[in-house]
Amino acid sequence: MKTVVVRNIKRTDAELVKRLGALGAATVHEAYGRIGLMKPYLRPVWAGGEAAGTAVTVLAHPGDNWMIHVAVEQCKPGDILVVGCSADNTDGMFGDLLATSLMARGVTGLIIDAGVRDAKSLREMRFPVWSKAISAKGTVKATLGAVNVPVVCAGVNVRPGDAVIADDDGVVVIGKKEASEVAAKGEKRRAEEEGKRQQLSSGVLGLDMYKMREALAKAGLVYVDEPESE
Amino acid sequence: MKTVVVRNIKRTDAELVKRLGALGAATVHEAYGRIGLMKPYLRPVWAGGEAAGTAVTVLAHPGDNWMIHVAVEQCKPGDILVVGCSADNTDGMFGDLLATSLMARGVTGLIIDAGVRDAKSLREMRFPVWSKAISAKGTVKATLGAVNVPVVCAGVNVRPGDAVIADDDGVVVIGKKEASEVAAKGEKRRAEEEGKRQQLSSGVLGLDMYKMREALAKAGLVYVDEPESE
Amino acid sequence: MKTVVVRNIKRTDAELVKRLGALGAATVHEAYGRIGLMKPYLRPVWAGGEAAGTAVTVLAHPGDNWMIHVAVEQCKPGDILVVGCSADNTDGMFGDLLATSLMARGVTGLIIDAGVRDAKSLREMRFPVWSKAISAKGTVKATLGAVNVPVVCAGVNVRPGDAVIADDDGVVVIGKKEASEVAAKGEKRRAEEEGKRQQLSSGVLGLDMYKMREALAKAGLVYVDEPESE
Amino acid sequence: MKTVVVRNIKRTDAELVKRLGALGAATVHEAYGRIGLMKPYLRPVWAGGEAAGTAVTVLAHPGDNWMIHVAVEQCKPGDILVVGCSADNTDGMFGDLLATSLMARGVTGLIIDAGVRDAKSLREMRFPVWSKAISAKGTVKATLGAVNVPVVCAGVNVRPGDAVIADDDGVVVIGKKEASEVAAKGEKRRAEEEGKRQQLSSGVLGLDMYKMREALAKAGLVYVDEPESE
Amino acid sequence: MKTVVVRNIKRTDAELVKRLGALGAATVHEAYGRIGLMKPYLRPVWAGGEAAGTAVTVLAHPGDNWMIHVAVEQCKPGDILVVGCSADNTDGMFGDLLATSLMARGVTGLIIDAGVRDAKSLREMRFPVWSKAISAKGTVKATLGAVNVPVVCAGVNVRPGDAVIADDDGVVVIGKKEASEVAAKGEKRRAEEEGKRQQLSSGVLGLDMYKMREALAKAGLVYVDEPESE
Amino acid sequence: MKTVVVRNIKRTDAELVKRLGALGAATVHEAYGRIGLMKPYLRPVWAGGEAAGTAVTVLAHPGDNWMIHVAVEQCKPGDILVVGCSADNTDGMFGDLLATSLMARGVTGLIIDAGVRDAKSLREMRFPVWSKAISAKGTVKATLGAVNVPVVCAGVNVRPGDAVIADDDGVVVIGKKEASEVAAKGEKRRAEEEGKRQQLSSGVLGLDMYKMREALAKAGLVYVDEPESE
């Protein structure tokens, strides 16, 4: 285990993160070529929360939140804390005191591949959290992990400084170098969607709007009427 | 795979569907002899939504929503779209554009044995959806499935035109031929429940109201007092 | 199977239960030395509900809620009903009629290691329920279980009369004899937390407030700067 | 609930079932257009068992094996018993006594969407079983279900008399009317596989044997060398 | 947390344990009135292993096997080690060195609600283990738990000295005071089973042997022939 | 999605891989500081298989094994194929034909975060496979992924050329640069274990051999005798 804290990480440009956040997780995920999405077992602690930020990463051990306390010091305004765990765990590794501390530093949210507690307070504080579980189970402070090394969180490898976009649809991670291209593609996609929505809303069929009929016929789709008696 | 679209299906009578919808999933399920209920891993995307309709069925493949686009054209006002999947999958196969399209056609809801995305928009649009997961993961349009063939969705075999009743308690499917009898039984049950609720509310015990004491004694139930020291 | 109903159980002192309830599940769990917490798969049927009470316990069989009906009679104001199941089950063993009956007797909530139904009504009635699932699946009344014997519910052994504290963070069970000590410890902890929250809110780091730096260094934690090129 | 036993069902032709069984589950599943496969949580109780037969179906309730006893009488040599359950359940609904009874009637195996017990005896008796769980949990005989009605088992709708093919790869169900075509297609596929195996074994690449290179290039696949420094 | 080691526990009589072990888990579970069975997610590390013994109990924390080392000293010949965990965990808390130590003390097996490692060695040593997972993940020795206090393991409350019977069908726990009665009942059941097996093997139907036909008819079971055209 | 195939990757030294393989997954995992272990849901298709090799990585999509065919060409003797999937999937993406092809190229095993089929043949061919599921479900060849880019497989980020060690205890991944140090540490650990095993086998307690008694007392562990009456 690399028991290390890496300081002064390079972060994705704040303006880019803002643009990505405005697009939302689903659009960003599509614009990124359908990669970078954390597994859907990660759910928002309260519905409707949205967060975008640059990743400060934590590698923690099951039932031990020592490194989260260490990580707080490395956070800057606009960061989002991303916590991976060395084994599956649902303990409540994060609660309202840590949230208070992160909010005081301008952190925009928490992504954790484990449990959290004080769910009601987090909702009232409007601090957005995506976690694997809600559990009152407290944790010890006994084993070192690492801060700002690459960590796997809910199936995605997150590097310090990556852009993280989270909302009700899930959590997407975008590499620093790719953020600019993804933002541009996502904005193009978003712009086109509005027109599509209006067409569909007026009754135009997706089959026609997307011109799918020919490809479907070519693939062998057949239309039949239901026979008289079942 | 039967790559077919069946048109002009027979539907359960609209008035019957309305009566069943007014009863709710739990009452309908009881009136149907406790069958027809989808597995409880299917959950509403937003709490409080209710839907009743006639099933237009889709058999889709994991990560591929092509056939949902095809199915939209087969939908009429009062239908409910039911999507089964040929293997377990949580990808977001349905989002706000498809919901816009379904609403434009008068469809009352979506039941899908896979994931959906745009959860926030679906909630804001008040389009009721029951799904296995929420996931930003997009899908391809590559493999044919079928529309309006019998599909297994969350453990229930659904035939085109069946009545589907869904609310916070889950999703129940009733065969076309049995809808009338189920509605009648359910309404009788509902009527009796009100009286029971008033009795229970006034402090009458279910043990007495349901006359359970004799059967319990016969089955061997014994009452004892707690001994003095544990 | 001990097919028995134990009457006149000793209950944890009501005043103690009230004090424990005011602390909430997470604080009580910590004060209890991090034991007594039910598994986090048990979730509130509606967010924000809180309950504290003395346990009336039920041992039921999958798909059979007969013993819940039997247990209602043994409940007094301030009790909380705790239902364990002899095998994994998600059927809806409890609904609004039983809730009506429990409310009429002054029961403060339900904890059930199985499913419930009438979720919407339970939310509207403001009757707090923690369950493993929501399911319209009805149950039979065929096999005897027991009331007020020790039961394992979601991983915790619950004895009749134990104090049960439940909120959005989960469900904690405290033994009758230990309730007083736990309440005192929890109140001390709670009192200290307010001061910590204010410090953290003003920007003081947990690293400093908890004086962690020395222990971290001793354990071998190293700080480095990110190298120039990744 | 249709509490009925259907007698004298039509069965898939025994010779066809034998041919399908010789192909194995994976080949049959492909030949059937990739449908009809039960969910992979259904596992053989002992590795290496294989079974092919015509379905006698049972709809049972959780923790209740009454209808399995009823179904035995409806079985003929060459049948395979398929048990669906009205709700998720892992109880041991089947053990060595029932297996003895089925073997006495020439039944070739058991497929059950619940648990079984006497695992060691079943292995020693060489009676092949595919189940969701192994559990010593016994069951009651209290509630009627049905025999030889269509049942959903592990995600597949099984009709009485359907052909069922099971081995280490899983369980596939083929409709009576389609068995002949599936057998023919599967045999063709099997015949071609041997040649492929020899080619691949001699070092020919699938890329060349299946002529994939052009399609891959067209889809945009790019080959690059690893850069010098990572 | 009661950080205590209880010495000199009372154990179930060794002769009774031997008789219970000869019956096997399924028969013992039935004779005990269908209670005392651990959840079926606990599986033998190698098939065919059998163990019977008196429980030495351990309460451990996730990822920490310190208390298992402590417990070894409390074990006597004929004991079986039962490890509960304060939160869900799959780490490999036990391996071949601890097994060597237990075998040197005459311990008959291990039941653990967590993971184990060195699976191959355990199989070769013929040391029987029932666990929730197999995982190479090592553990720390940092937090105290308890030895020989009641622990919940896989859903069952186990008290020190209880009889534990484990085989391929699962793990059953019998209270000290009830062991004698359970053994007698189980032996009666076992004796009757042999005759039943011979009858069933000769083709007698369970319907007749158990005299079920009348009860089934009374419950409303109807027999019909399959109609001509489906 | 980076639809790219990276050729001529740097591989961990073959001699180092051999030394790591001789140690086994559990020892290597410990020597690596308890990181690099894939999640324990990944299980060997047949017990007793062991594999060590250098990773050729594949990023595939659910239900699509096109990129596995592409990856075969990039494999050299001593490689091990590691397949990550962009979303959870249990389809049988790999069978005996692909295994034949890999064996012809000297590949030592397959690690796949999805399903495989032809389980019986894989066992008979003695080709070791670690997978998430066994499923007859076949796959399409429709969407590009990537070969020899970093992929997350069962919770671990695997880079091309990394050392992969797999046995009944699970799968461990070691970075190229760290393999030498891990091998040395592991061999030291292994050497010490033999002496420990002999001591434990002769009855020496781990409490004494590891000198734990003082630390336990310091942490507050108390020994008491069981009171007379329970």
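Every chain is named by a letter (A, B, C, D, E and F) in the order it is written, and numbering of its residues begins at 1.
The working rule: a contact is a pair of C-beta atoms (placed from the backbone, for glycine too) under 8 Å apart; a residue touches a chain by one contact, two chains touch by 3 or more.
Fair warning: this is a prediction, and the values are worked out from it, not measured in the lab.
*Asks:* Following contacts chain by chain, what is the lowest number of steps it takes to reach chain F starting at chain A?
*Replies:* 1
*Asks:* Which is it for copies chain B and chain C: same residues on both faces, with over half shared, or different residues?
*Replies:* different
*Asks:* Cα superposition of chain A onto chain B: how big is the rotation, rounded to the nearest 5°?
*Replies:* The two chains, chain A and chain B, differ by a rotation of 120 degrees.
*Asks:* If you average the CA atoms of chain D and of chain E, how many Å lie between those two points?
*Replies:* Taking the mean C-alpha position of each chain, the two centres sit 30 Å apart.
*Asks:* Can you check how far apart chain A and chain D are, centre to centre, with Cα atoms defining each centre and the answer in Å?
*Replies:* The mean C-alpha positions of chain A and chain D differ by 39 Å.
*Asks:* Counting only residues that touch at least 2 other chains, which ones in chain D make the list?
*Replies:* Only 34, 37, 86-88, 90, 135, 137 qualify.
*Asks:* Name the shape of the chain contact graph, picking from line, ring, star, complete and other.
*Replies:* Per interface graph, the chains form some other shape.
*Asks:* Would you mind giving me the full set of chain pairs in touch?
*Replies:* Result of the pairwise touch check is A-B, A-C, A-E, A-F, B-C, B-D, B-F, C-D, C-E, D-E, D-F, E-F.
*Asks:* Considering only the defined contacts, which chain F positions touch chain D in the complex?
*Replies:* It comes out as residues 3-10, 46, 66, 69-70, 72-73, 90, 92, 95-98, 100-101, 103-105, 115, 117-120, 123, 133-138, 141, 144, 148, 159-160.
*Asks:* Considering the complex alone, what residue numbers of chain A touch chain B?
*Replies:* That would be residues 25-26, 29-30, 34, 37, 40, 43, 47-48, 167-170, 172, 193, 196-197, 200-203, 205-207, 210, 212, 215-216, 219-226, 230 of chain A.
*Asks:* In the complex formed with chain E, which residues of chain A make contact?
*Replies:* 61-63, 86-91, 135, 137, 140, 142-143
*Asks:* In the complex formed with chain B, which residues of chain D make contact?
*Replies:* 1-2, 33-35, 37, 39, 59, 86-88, 150, 152, 155-157
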